[in-house]
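In what follows, structures are represented as structure tokens.
Both complexes shown next keep chain A, but they swap its partner, so chain B is in the first and chain C is in the second.
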Partner chain A sequence: MSSGFTIEEPRSVDEALTLLAQGDETVRAIAGGTGLSLLMKYGFFEPATLVSLRHLRSSLADIEVTPDGGVRLGAMATLRDLEDAPIVAERLPLLRQALGRLATVRLRNAAQLGGAIAHGHPQMDTPPVLLALDAQVQVASIRGARTIAAQDMFLGYYETAVEDDELILEVRIPPQGEHRATYRKITARAEDDWPMLGIAALVATDGGRISRARVALGALTDRPMRLPDVESALQGSDPGSDEVEAIARDAAAALDLYDKPAASAAYQRHIVAVHLRRALLEILDLGDGSSKGGR
Partner chain B sequence: MTDHDATPDLTGPDLSESYALSINGRDREVADAWLGESLLYVLRERLGLPGSKNACEQGECGSCSVMMDGLLVNSCCVLAADAVDADVRTVEGLAPDGTLTDVQQAFLDAGAVQCGFCIPGLIVSVHDLLDRAPQPDELEVREAISGNLCRCTGYGRILQAVQDVAAARTAADAQEDRP
Partner chain C sequence: MTTTTCGPSSTAATGSAPAVTGSAPAVTGSAPVAPPGTRERTQRRVRDGLGTSADRPDGTPKVTGAFAFSSDLHDQRMLWGRTLRSPHAHARIVSIDTSAAAAMPGVVAVLLAEDVPGKATFGLEHTDQPVLARDVVRYEGEAVAIVAAEHPETALRAIRAIEVTYEPLPLLTDPAEAATTDPIHPDGNVFRTLPLRHGDVDATGDVVVEGTYEVGMQDQAFLGPESALALPSDDGGVELFISTQWLHVDRDQVAACLALPADQVHLTLGGVGGAFGAREDVSLQVHVCLLALATGRPVKMLYSRAESFLGHVHRHPARMRYRHHARRDGTLVKVEAEILLDGGAYASSSTAVLANAVCFAAGPYRVEAARIDGQVVRTNNPPCGAMRGFGVVQVCFAHEAQMDRLAAALDMDPVELRLHNALKPGDAIITGQRLTGTAPVREVIEAAMAHPLPPDPREDEPAIALPGGAGLTARREDVRRGTGIAVSIKNLMYSEGFDDYSTARVRLETSPDGEPFATVHSACAEVGQGFVTLAQQITRTALGIERVVLHAADTGVGSAGSTSASRQTWMSGGAVQLACDTVHHGLLERARGVLGVPDEPLVLEPGRVVDPATGAEVAIAQLLRAGPLEATEEHHHAPTSTLDADGQGDAHVSFAFAAHRATVDVDPDLGLVRVLQIATGQDVGRALNPRAVIGQIEGGIAQGVGLAVMEEILVEDGLVRNPSFTDYLIPTALDMPSVAATLIEQPEPGAPFGAKGVGEPPTISSTPAVVAAIRDATGKALTRVPVRAQDIAFGEAGAIPPTAGSTSAG
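Here is the complex of A and B:
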């Protein structure tokens, strides 16, 4: 049994930041609690103090369009809030699609965006999506505020770039323009399992040519990854299905993967080649590719 | 709240924390508790409410489903001490003692109950669904109960029971609307 600890319930962000600034990594913020409470249950994490953010929700859960046409997502918006928000449906369909298959509605009702970043588990669905959207995460501490690009956020198992004294306040998504995007979640065992692979792919087009491409993979290694070679192969081009197949095959072959209990490295590489091809065919409006190649 | 940079505590866990929860409309005191206990544990082991079931303990199976401030959650993944001020509704609070809700009765009538372990969680989930979507299509029903795992694989009759309740409620509403 874990030892006793205290729960503090700050009434303002400043008060929360002061509580987090004790130089003690076992002083942690808790919001939905769906991640942290399990780590405590398993004995992986024994807090000295939990800083409950429950009184801060009213000021940190807004979802709104920013003056530049981007979207600002409050860190304490629940995943269900985001899934149900018209702004997300309209401007960030990729995020909405990914949330629809994230765990179950019971989890999405409790889990919040900030926690879905700070938890830092490599098999989450949100990280590759945030990478593909060029998300910028705003954090604050008593030392000041800073912005961490989603791409620099995830550092390994339960490890993120958020320092012990920092709190995630919001996520900013820059304007995406006219684009097509998809999230493919591949599970190794049951349909509602954690992903063994998550693919977030997005292309913005300008006059028939691809002006911007983003492709990010989650759940393969200890952190999500962008695929810059795939992105540059797509950018400025107008590929057909044969080229897409080659791009996906080359990308899969270049990945540095390792064997895992549910999937060998070779199997993971095969799955990436198949599903990356299908994801790209889908967003390039070349069919979904499911008639070709193995399921 | 205590100061934790004092001398090391060699007497074991500090179990002296007390707080109050609102369960099914009643204030309930939780005394001498470890603050890391889940809402599920407190409901079952401290407050005498064993209707919410404990199976996976990690948010996968839905057996512990409860309503918290009007939202369906897994009570195994919520810290009880962080649910202070929340309006918690459990399966025990759905109908007065000795009576059944229409959803519970429909489950019985449809033969949807096999071993029964998953049923309280399913009942709470189905009430939540029908409150939000009185006439759900099959996909909505499946989405709502995904995350309520039945290992007797009795989903067919469960789906039937949900449609039966939705139809009965719609018929009752139509009756009421008649001049």
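Here is the complex of A and C:
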């Protein structure tokens, strides 16, 4: 009964956590509402209580550099806040690049970082980026606080590691050092379409060799995934274009995919091979006049 | 060919509308464009008259949000109606239990098939669709029960509380099996079979090319979902406010199903948020009126987007096999085609859609012989009916691909091949009908080709301008550019002997401040096409006054026919013209009395009637002191005939032509496309409002581009997989190409003001032009639309060269 729910508007995080600790999975926190309201509209989720976080924004939307040189992103920063933040532009250009092309500006003005994680929809742009950045997600409940690595966060369709009584408070990105990174996605039919594939790729180099590589894919299956084989093939190496092509081809061949209305499994595998090659060529500066992925 | 333009329309071709580039090479001849001659003076002088880009009367309210669409209708006492729909594509209804729903607080009525007091079925041409399913459901979304409740959420819960037991039946989803499968409806599985034999059907050409083509199911995707408000009236009848394309045909169907005389069912047009054919059939009209009569209260219905996808007809999917024969010099000898359309579960306008597909199967070309076999069948897929282009869209995709194949086989330029075979006035189409009106096929092709191509890509092109856009998928060197051309012919108005007409009432009187003003009363449905503007322009020009009020479109005046078939400018524009003529004559008669010149030819000028012989004049306002002048006139077009057993006959009123040249950038590896530009030449007769014509051209191209690369209703086992704008995508501003348009103005004999309908042609040949451009860039076959990314990445290559049968055949 979608008309029968109440809205609570707690004034503190503790109050919010108490409201979420009722042992009822139809009590949910709502922030930007861009994900949850769709689920409610289609009748997939019928809440008993919505816990609006709107009075908590002042304390949960900070974007700041941490003492170790990493970045702390408040869970209630809107995607647009992050896109516009000088700290993000300077230290996390990969995140900024992905956000600049995420859905529409109307949506980015409303959607918030915590919700973009908790929603757990597989066809989103932020999860593969957080995986590539080794993000750590801080959550809290009345039982206490804990940290969930982005890599362990996404469990399946609308499923995350966040428990029903937990609230995402912030996301910590460790220092990335000197690196090159790109986020490329395919929206097959129209500019505003959901991504059919998102690739976040990052390499840090040290003396000509790759010291750290991160490659994550989104939108293909029920959750975003790192590609450890690709990362280890890159790590410590100095690959040329032919090797990059082989790495991308092997990675695509190893994927377990399924047919979708807009794309067969074979086509999805094909675009991973093509798109991953292009992404790696770009960040390894092996392309010939490639677009640099900036704005 | 002269390059001058006709007087009153010279501003039309080169005027202020920025999208009209270049000057239209209009051939004027001496066609009288302003009948009768006395009115030529006022045509140039009345503000916002014919030929100007007068503002829409509903333009500002629509832009500011003040315009009331039918979904905004409200009544203090109203209930909300809701429809329970079948989740199965084919099933027997074993039982229906409404007791739980009926017992819910706030639920006022729950109605089933047995509650329909009159005719149990409805339909545009064949009344084969149940108002509510009784024993069997034949498609997903078929209406089974309706409820009325105090709140929309209560209505939603009530339909969920209705328990229906279904027994699934075998599915008929392959149209190729329909004719030989057990009937899924008492009327059988074949809506119509239409053979066409023209000329020497055994003739052969030196070169033969053949191909098989498919068109997917497109949706009209209007933005304003189905909505209406019904109010019981004091006389036991019902008042219905509805967004529709044809008020009177709705009224007749509602009255029959409600067992009411037609005069007790009164319809008024609600604000329409797009139509494109999808509002020609009854959707919620009967349901909402039934609920209003059953409850004695006003009832509102408003479909959700998902429900809208199930609640209206779509464009017919098509499978087509073609064979073209030509001589070495490119002259077409014969076109052979087998055309199979999937009509879905109910007839709608399928029979007329098929007639169009067959009649125009060869396109805008002179062909000595043709053998066409068309069939449209019933399946358990969603019902299909009218959509912009109406049967011609499907065959145009096929015949234009064939023309490109033929050009390749002949090693001829595709444009040259089309010019070589282009229809001219006096030629016959494959139904044997001669073109007695204008037929500027060569001109539209040359105009489309004359536009400059988009500039070459720059090195520093931002990535967002490439295929894949915001995803940053492509690098410049991954992209290939292609161009393609396509040409189309479309009939205007209804065909095959239908005596079509429109009615208009015009009343001329003075307002309390003493100023003359006219009221135009027409049932013509304004669905965005601009009739409201045109009716004002015609009346201003004809009566020499500026103030023209539009009476609400309703059934209080005679039928205007449907807003479809590119017909309202001709049909209802003509009716307004006739009514104005009668009022105009009445004015002159009064003026002769006042001026005491019983036999003098007088002239109407803005605000007055003048005796040119003496210079004596009298103000229109003074002539109206004797009372208002009013006239109601019907306008019929010239009669047409039916098609004979060989598909021959003068079945059509008039024809319009268009050519489109598309330029695309393609990333062949990923299969992504960006449509950069559509250049077009369109045969418009005369542009009565150039800005409105350009609007139709741009909108039609958007839908044509959508069919080419985006839009398809995915149906699996009869079930619609993507009934939302998240999963069914239409072009947005980010996806639209730039449009360069030239209007070819050759006044059409017999057409009011010489104007041809302009709504459909832009949709028809833009689709094949885009696909031809993608073929040019990739060398892929692409025999199906919409073209998907994987069709480009994985599709068969080598399609442009001829396939089987491309050898000399004597």
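Some notes on this structure:
Methods note: the second predicted complex is superposed on the first by the 285 of 295 C-alpha atoms of A that agree within 3 Å, B and C clash if a C-alpha of one lies under 4 Å from a C-alpha of the other, contacts with A are read in each partner's own complex, and residues count from 1 in each chain.
Keep in mind that, in the parts below, contacts are C-beta pairs under 8 Å (C-beta built on N, C-alpha and C of every residue); 3 or more make two chains touch, one makes a residue touch a chain.
Computed from a predicted model, the values in this text were never measured in an experiment.
Once chain A of one complex is fitted onto chain A of the other, the partner contacts of A:V274 are limited to chain C, with no touch recorded for chain B.
In the overlay built on the shared chain, the residue A:R184 is in contact with chain C alone; chain B does not reach it. Legend: residue contacts after superposition of the two complexes on their common chain; A:R106 is shown touching chain B, with no touch to chain C.
Contacts of A:I7 after superposition on the shared chain: chain B is touched, whereas chain C is not.
Residue contacts after overlaying the shared chain place A:F154 against neither chain B nor chain C.
Judged by the document's definition of touching, chain A residues 1-3, 192 lie at the interface with chain B and also at the interface with chain C. On chain A, the positions that touch chain C within their shared complex are 1-3, 97, 101, 182-195, 261-264, 266-267, 270-271, 274-275, 278, 282, 287-291, 293.
Touching chain A in their complex are the following residues of chain B: 1-2, 4, 9, 12-17, 34-36, 38, 57-60, 62, 65, 68, 71-74, 77-79, 81-82, 85, 125, 143-144, 146-147. Note for the complex: chain C touches chain A at residues 151, 153, 156-157, 459, 463, 466, 468-478, 669-672, 709-710, 714, 721-722, 726-727, 729-732, 734-735, 788-790, 793-794.
Looking at the complex, you find that chain A touches chain B at residues 1-8, 30, 33-34, 37-38, 40-41, 47-50, 52, 54, 80, 103-107, 109-110, 192.
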